[in-house]
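Structures given as structure tokens follow.
Two complexes follow with chain A in common, the first pairing it with chain B and the second with chain C.
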Partner chain A sequence: MLFGISVVGFLLMKLVPGDPSSFLLGPFAGPEAREALLRSLGWDQPWPVQYVKWLGLFVQGDFGTSVRYQTPVSEIFGQAVVNSAILVALSFAIAFVLGFFGGILAAVKRFSPVDRVTTTVAVVLASAPVYWLGLVLVWIFSVRLGIFPVSGIGTVGAESDVVDLLHHAALPSVTAALIPMAVIFRLTRSELAHALDQPYIQAARARGLTEASVVFRHGVRNIVAPIANVSGLQLGFIFTATLFVEVVFAWPGVGFLVFQAIAARDIPVIQTVVLFTGLLFVAISLVSDVIQGLVDPRTMASAGAGT
Partner chain B sequence: MSKEGDVLEGAVVRDNGTRQADPLTTTQAGQFRLIVRTFARDRLALSGLILIVVVVAASFGADLLTPYGPNEAHREVGRYAPLGTPGHFLGTDGQARDVFTRLLWGGRVSIPVAVLPVLGASAASLVIGLMAAFSAGWIGSLAMRILDVMFAFPPVLLAIAVATILGPGMMNVMLAIGVVSIPYLTRVVFVEAVSVRGSDYLRAAQVAGTPRRRKLLREVLPNVISPVIIYASTGVGGMIVMAAGLSFLGLGVQPPTPDWGIMTADGRVVLQNLPHIATVPGFLIIAVALAFNVVGDGLRDALDPRHRTRTWTAG
Partner chain C sequence: MPEGRGDGALLKVDNLHTHFFLPNGVLKAVDGMSLEVERGEVVAVVGESGSGKSVTALSILRLIPRHQGRIVDGRLLFKGHDLMKKSNREMQEIRGKQIAMIFQNPYAALNPVIRLGDQLIETARKHRAVTKSEGLELSLELLTHLDLEDPERIVRLRPFQVSGGINQRIMLALALIGEPQLLIADEATTMLDSLTQVEILELIDRVQRETGMAVLLISHDLGVVAQVSDRVVVMYMGQRVEQAPTGEILTSPKHPYTIGLRESAPDLETKGKRLPQIQGSPPDPQNLPQGCRFAPRCPHAMERCIQSSPPDFRLDDNTLVKCWLFETGSPT
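What follows is the complex of A and B.
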């Protein structure tokens, strides 16, 4: 699997039309200069050899040099990852807390119109382009109401502090959280509503337990497994949503980096991002399998056999 | 309880149409009528289909609906004419082009750019999936391994990678969307084909000495194709959103071609004063993507005999 991902990353570099000589030397370089440069970069060797060398460097943390900034990709990439991680973490927290507890509330209260409304909203949201949702939120909260800043990660020229950061992160993280929140909300509500209809809940009530104890210790505990599973998937979704959200809000993270790299044809940067995302997604699915096994031991055996 | 009604009616059609003792064998015409009937009863799916037809018709009949060309600049009203300007009810954009006209023409780009690659990917995945399930050779399993790797990447990023390799442009973005769709569709084909592989009717065909080619085309394909149709029609919705997203990032269709994603990106500059330029194309994307989703759901109910049987036995 990891081999496959690294091959994809390598091919991304090799298959892009043109070689480094065209953007490093410019259009007026002679053929000799071109060849000398390619030889110095090792491009005259067979592909498998190049692959091994490239992979060796990559494992050591040398991801190549950004064409646009002329600095090592690892430097630019590191800061972008931190910025993106802030956004993803906030977004996931919003989606999970509101979706999960909102879902519990809706299942316990059983207001029936809520079902229809939330299902419709969730279905409609799921078809909406994330960047478009971002623009709509900007229009409502920044342009009309003026509560939140339009873009950026901090006030220009001001000392950066946590409050300012959160103020800037509010709109982008909510944008990326909207769809996963709807998904988690719906799942929690329907699973819990189903669980609360089971005979063991009646038994718990008959024993005279408090309602909170019935709901949380007997109801919620039985739905943790599917929720954990879906939340893992939603984390992946938030990551891709963040790519677009960062572009809309000019948030200097990985997505914004890719966006700039696309415009500048900065292949080493795109390559690094693609590779790391592949690795990240493999890691997410592994971790969510493990969590799945922990919260629901019954799936342990089959999960082990599946992967 | 319209569901029960039309299934019962379907059973009548089946009986009248075939006059066979076994109710499961139907003529193809009877089967088709049953599918159409079930689908037509599903109001949501039907309205989705109508919406798609209307939007596609409006896009391809743009010449009849608007007197302007998509890239025609209207100097007399100027750049960024507001909503409700006489002759340009949605106003004009940053290059004084009529927004309504570009929305219509955008449909010619934004819809086919997702539909065509999904069609192509469906055909490709039928070949790959059947090969992987039915050939003993290593090619099929190698193909499935490669697809496993592609699954590791989120589709948007994979599309970005492919579009980066190929460079921007309409043709290339379609290729990228096709490539991204293949793993998902192939998995659908493969899972379905493997379940058919172990079925009694296939063993019966084997015993009867049916040639391999005929076995695949007449016994396996019909059982595999409806999940593909269902999945593909639902998938088109997501791919429309993704194609517009690639255009929005500058990787897809290039200006001045009218496209809903590009229009959204262009409208960002004037979000403050003219929010409709960025948001209206988004509403169209949502509407069309939703329509494909509900059509996919409707097809699932209509095409999947298990689903029909379930509603039947339930009633």
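What follows is the complex of A and C.
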């Protein structure tokens, strides 16, 4: 699996027309200079040799040197991963907390104005494309209201601190969070509304248990598995959405890095990103399979069958 | 309105109307229902599916889901207090502690993901000032008393891991743990096989005699409830059509509907013969006849029955019939 990703990632780069020489040397360089550059990078050799060399170094932790910045890829990539992780974590926290608790509120207040408004908003958000949402948010909060900065990770020249970071992260993280939030909201609402209609909820009320206990202990407990499942999928969505969002908001994360690298044909950087992204997705599906196994499937099967 | 009985009753349901608001109209599930339960008395409510028995039970506990329907009229008096005037918090103190209820499907009425023991402990802690371990102790004692074998093992299981009979015993224990003065059993034996049915019924009967609590036994099966009840209230289309001591209902039913019910129940003498049945089918509950609701199916229907609905006629202290044939009795 990983081998396949590494080969495809490597070959794709070879298929793309153009190489970094034109970017580095400019339009007026002669063919001799180009030859010399390619030789210095080892790109004059046949591609299987290149592949084996590259993979050998990669496994040892040497990802090569960025053609554009002339610094080790590991340095650039490491900082980008940290920046992206901040964005992903913030987005997921926003999406999960608002979606889950909003869904509970809507299910408890079913058919009330609160429910109707939130459900309508959720449907609209869930159907909107990420880049459009990003632009709308920029227009409202940056252009019209001027509350949040449009781009970057920190105020230029200022001492970087957490408040400044969060201030800059607000728009990009909310943008990436809106759609997953809507998805989690809708699932929580419908699953909990269904659970609250079950006879065991009525029976719990008939025993005099408080509404809080009925909703959280008896209702929410029965929907943990589907919510956990979908939240995992949404985390995957946020990884993808973050790549776009970083470009829109110039957030120096992995997405922004690879975007610039592609423009510059900075092949070592692109290959590193592709392989690590592949690794990440393999790891995520492995972890989610393990979690699925841990949530006893028989418990959930009979939760459905008992109705 | 003079009433022979029920003024000091434990529970008095008076002219209850519970309606459901559906997209295509109003469903009058309970429409002028009355009944009384005295302290320590076992009253059976009998009627066919859709007659409003369960809705009456849920209305008493004020458990009709708000987005589906509501009690539009009537009074619910428990020990003289109007349940309709209680706040939700006050109702929580009454539910399970004063009036407990057990349900038709014990699998569905127990939470599938919570251990049986935890559901018992939770309820014990709500109604008795006990710790977790005391709650467990109390539950185990109660389960042993309800003839449950190996309760220590059972409380660690979840509802789908045990039989219907065991689940219904757990439901009964959940209802009894708050030491209620009234137990409502809504078709509590319907889903069980006939042997288990008898066991559960005998258990309810035994606990009733031990504790002196009152029981409201709801069933579509006259034969089942006749064994344990003192009095029977017969329901048809959301109303009480007859009320009489159990023996009288069995030997000399008055209302044509009760007679039909009685005759359609099998007994030893009818063996081998085709059972008589009540002609026709119940009217559309969203489009009820304006006169007596049983008139379209009644073999004795008169002009008057189609014109106007009969009041309750009192034949003696214990017997009420909602039928023009008994106009000689005094209307209440």
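Simple rule for what comes next: the second predicted complex is superposed on the first by the 233 of 307 C-alpha atoms of A that agree within 3 Å, B and C clash if a C-alpha of one lies under 4 Å from a C-alpha of the other, contacts with A are read in each partner's own complex, and residues count from 1 in each chain.
Convention: contacts are C-beta pairs under 8 Å (C-beta built on N, C-alpha and C of every residue); 3 or more make two chains touch, one makes a residue touch a chain.
Note that the coordinates shown come from a computational prediction; the quantities given were computed from them, not determined experimentally.
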(request) Once the structures are superposed on A, label A:Val138 by its partner contacts, choosing first (chain B), second (chain C), both or neither. (result) first
(message) Going by the contact rule set out at the top, does A:Arg221 touch chain B (first), chain C (second), both, or neither?
(response) second
(request) Please work out whether A:Phe239 is in contact with chain B alone, chain C alone, both, or neither, and reply first, second, both or neither. (result) first
(message) In this superposition, which partner touches a larger number of chain A residues, chain B or chain C?
(response) B
(message) Under the stated touch criterion, which partner chain does A:Ile104 make contact with: chain B (first), chain C (second), both, or neither?
(response) neither
(message) With both complexes overlaid on chain A, does A:Ile94 touch chain B (first), chain C (second), both or neither?
(response) neither
(request) With the two complexes superposed on chain A, say which partner A:Ser213 touches: chain B (first), chain C (second), both, or neither. (result) second
(message) Going by the contact rule set out at the top, does A:Ala203 touch chain B (first), chain C (second), both, or neither?
(response) second
(request) Would you mind writing out the residues of chain B in touch with chain A in their complex? (result) 145-146, 148-150, 152-157, 160-161, 164-165, 167, 237, 241, 244-245, 248-251, 261, 264, 267-268, 271-272, 275, 278-279, 282, 285-286, 289-290, 293
(message) Residue numbers of chain A touching chain B in their complex, please.
(response) 1, 4-5, 7-8, 12, 15-17, 123-124, 126-132, 135-136, 138-139, 143, 236, 239-240, 243-244, 247-248, 258-259, 262-263, 267, 270, 273-274, 277-278, 281-282
(request) Please name which positions on chain A make contact with chain C in the complex. (result) 110-111, 197-200, 202-211, 213, 217-218, 221-222, 299, 302-303, 305-307
(request) Would you pull the chain C residues touching chain A in the complex into a rising list? (result) 58, 61, 63, 65, 67, 88, 92-97, 100-101, 103, 105, 107-114, 122-123, 126-127, 158-160, 171, 174-175, 178
